[in-house]
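Letters are used for the chains, namely A, B and C, taken in the order the chains are written, and counting of residues starts over at 1 for each.
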């Protein structure tokens, strides 16, 4: 019985003089609605579609000798990526992304899951406690890790103070430091994704499984885990995608030792000034990202990523 | 004719492929309490929304006090609605909610204050002016919604299952109160419900709806005692329906021959030819169960199946030879009958109402 | 089933780990010593130095202007779009809606890179203008989605009731819709403000030679070498973010406060009594 009031130009068949006035009023209102969406149409076309289309075109153009681009078609930017140096960067990026995602899932899944089992009051408190570091500038958080990792930093002091190590560990500017930084930056996405999925879980199902003879572990695997899998998958996508592009974490915590696709794009753009190549790299990265999302949708059958907003 | 406040003429409405209203006609008199009664999905809410102007009919016209209002926006109609979930504006307090329509009309402040005060007194919520809707209970919200809808002095007040969200006891009390309020205001009420008891208790007239059409429009007594169709008989009176062949016996009586025995009914002026297949509706409380043979061999042979109490009423379910069941209800006294007993089902000629005559003809 | 202590322990430990780096930055911002790995006692000298640093103060001004401009632009664009979209009579609404959220879906680095090359193409002068456009692009989806979600949550019958009581479409918008979505708009704007205030990746690409924002300033310092002033700056930024997020959460909560029917047994009997008195 709750059909919408379909506001459309359907009253064309109306005869007589009364509808005339009404039509005019309707048109005025439609104009208001149409005008109100103009800004987003203009902005999106001009500053989202425009740039993305240009990036695509740019990736097929030749680089000029000194500055800018030539209007000549070439595949070379893409064939360039196939050079071992760059392939290796992609490989390293993917490897780091896999590592990061794996650890993020390992750490974040239990967090989101446990959080969903808290009382309503504690859930709200926990949410706030998570929101604060999540929204804090990643630079500030990274800086905190520099303080911890650097030679004679907090970690060294603790370990040496306990007598576990004798000399500073020189952890800063290592691969491990980058991985830790990545996990730290991305774990909230996983937590939110798992939480939003586990929150919807009907705990009576778990109790029913227990009642039917399942051990806690069996009940978890057969019921809870199965039903929170979409959240976990969503979290995997939400961590994997950004982890390919977070160049500044590798930059700050890894020194120049860890080069990711993100770093490569930044370098080509800002230093080598090879914009077409940077565009081609971005296109490939976009495609990889889209494949991930498409795969996720296929596997989970869900249209939107859970816990995105 | 001047006392007709609202008239619907041949209203049709479809949503996509679904036909919701199928040519509806209705005339409502000034000051009348009319109930649209029917199960969910029968089109009663759509009818109400068309009267309110929230929905435009595909064809047909709506007349309000003789004026064609079919194409008028809801804000241009002198009709107000009490919504099913009350729809109190959550960001305005009781006072602002009630004053809303007056403010839109740019009524001066003193008049608004006075009208709001009176309206609150009328619904017995004086002193609640500053409360927010979420600080009110269901029943209080319902009263505010009514107050908000009547300050405008509408020609017709539409009420969409206003008691649906309340619990049983409160509902009974609100029924009485609503009826009293309507008498006092003299406003025409068009009331929607799927509860036949509510409809019978409150209405001057009931319009029974089914699949986008009115099955019968009449006073509660007419609808209850003289159902025109088997649908009305079953929906309003939970009546037993018995089919068979009719034979005129003279004096406006007919004899009903069935596979299980004989029954009677009055023709009430209808022309029934001998051998015509008819259906007779007999209300549960009109059914007698007897164990001895009756004069004239009247009665349908049946076996008692079960007995139980439902709300202080004893219900005896008997089954006919082909397995069909009839229900007989008795006020509060136990019956010596027990499951397995063979009985004859009888009723007085006046209690048998021939239904579905139009459909058959 | 008895309650295990492991979940609470785990949650506590992880939260502690999340806060430790931030707390260290805050603690060291009060460190008297110039060499940051040595504790020299409590002091406010770095805050004093910070406010005397012209460069940082300029960057702060830039950051605040930028966050204000882009979050307010996002508020206007996003709110108008969320309200207008369902009723606008235009082609390609779904596609535009999808495309408009891309800035928060695709990796930041790609967004930064496409803006850089595109702004160069259309010759937008790099600096505050390019920064404002880029920030608006990732702020708008937040406002849009929050307001849209709120609009969906608003019972359609409020608008119908208002019309029934004599309201025009304009009255409905000003009296009903706007007040009900205002908390959502505020919450979105605050989040957008925080996002803009903290953005590094996109800003790195689209800033001009002489335009600095606070995160950019911190980023260069982290790469080249930190002065203790940065600790103080980070602490202030953290405090600002925290304040904004808490405010936003408060408005968001206000926004979802719905009119659910909660009729407790006490209230119910209260009504019965009042009805009873009337008889």
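One rule holds in what follows: a contact is a pair of C-beta atoms (placed from the backbone, for glycine too) under 8 Å apart; a residue touches a chain by one contact, two chains touch by 3 or more.
What you see is a predicted model; the values in this text were computed from it and never measured.
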Open item on the list: Report the chain whose CA-based centre is farthest from the CA-based centre of chain B.
Closed with: A
Task: Chain closest to the assembly centre - both centres taken as Cα means - done: C
Open item on the list: How many angstrom lie between the centres of chain A and chain C, each centre taken as the mean Cα position?
Closed with: 17
- [ ] Report, in whole Å, the distance between the mean C-alpha point of chain A and the mean C-alpha point of chain B.
- [x] 57
- [ ] State, to the nearest whole Å, the distance from the C-alpha centre of chain B to the C-alpha centre of chain C.
- [x] 53
Open item on the list: Residues touching two or more other chains, restricted to chain C: which are they?
Closed with: none
Open item on the list: Two or more other chains touching the same residue: where does that happen in chain B?
Closed with: 54, 73
TODO: Quick one: which bits of chain C touch chain A in the complex? Just the residue numbers, please.
DONE: 1, 7-8, 10-11, 14-15, 18-25, 28, 36-37, 76-78, 80-81, 83-85, 87-90, 93, 96, 99-100, 102-103, 106-110, 113-118, 121-122, 133, 136-137, 140, 142, 144-146, 149, 156, 169, 191, 194, 197-198, 200-201, 204-205, 215, 218-219, 222-223, 226, 230-231, 234, 237-238, 241-242, 244-246, 249
TODO: Please name which positions on chain C make contact with chain B in the complex.
DONE: 155, 157-158, 160-168, 171, 175-176, 179-180, 257-264, 267-268, 270-272, 274-276, 278-279
- [ ] Enumerate the contact residues on chain A facing chain C in the complex.
- [x] 2, 4, 7-9, 29-30, 32-37, 39-41, 43-45, 47-52, 54-55, 58, 107, 110-111, 114-115, 117-118, 126-133, 135-148, 150, 152-154, 184, 187, 210, 216, 241-242, 244-248, 251-252, 262, 265-266, 269-270, 275, 278-279, 282, 285-286, 289, 309
TODO: Sort out for me which residues of chain B touch chain C in the complex.
DONE: 52-54, 73-75, 79-81, 83-85, 87-91, 100-101, 104-105, 124, 133-134, 137-141, 148-149, 152, 165, 167, 169-170, 173-174, 176-177
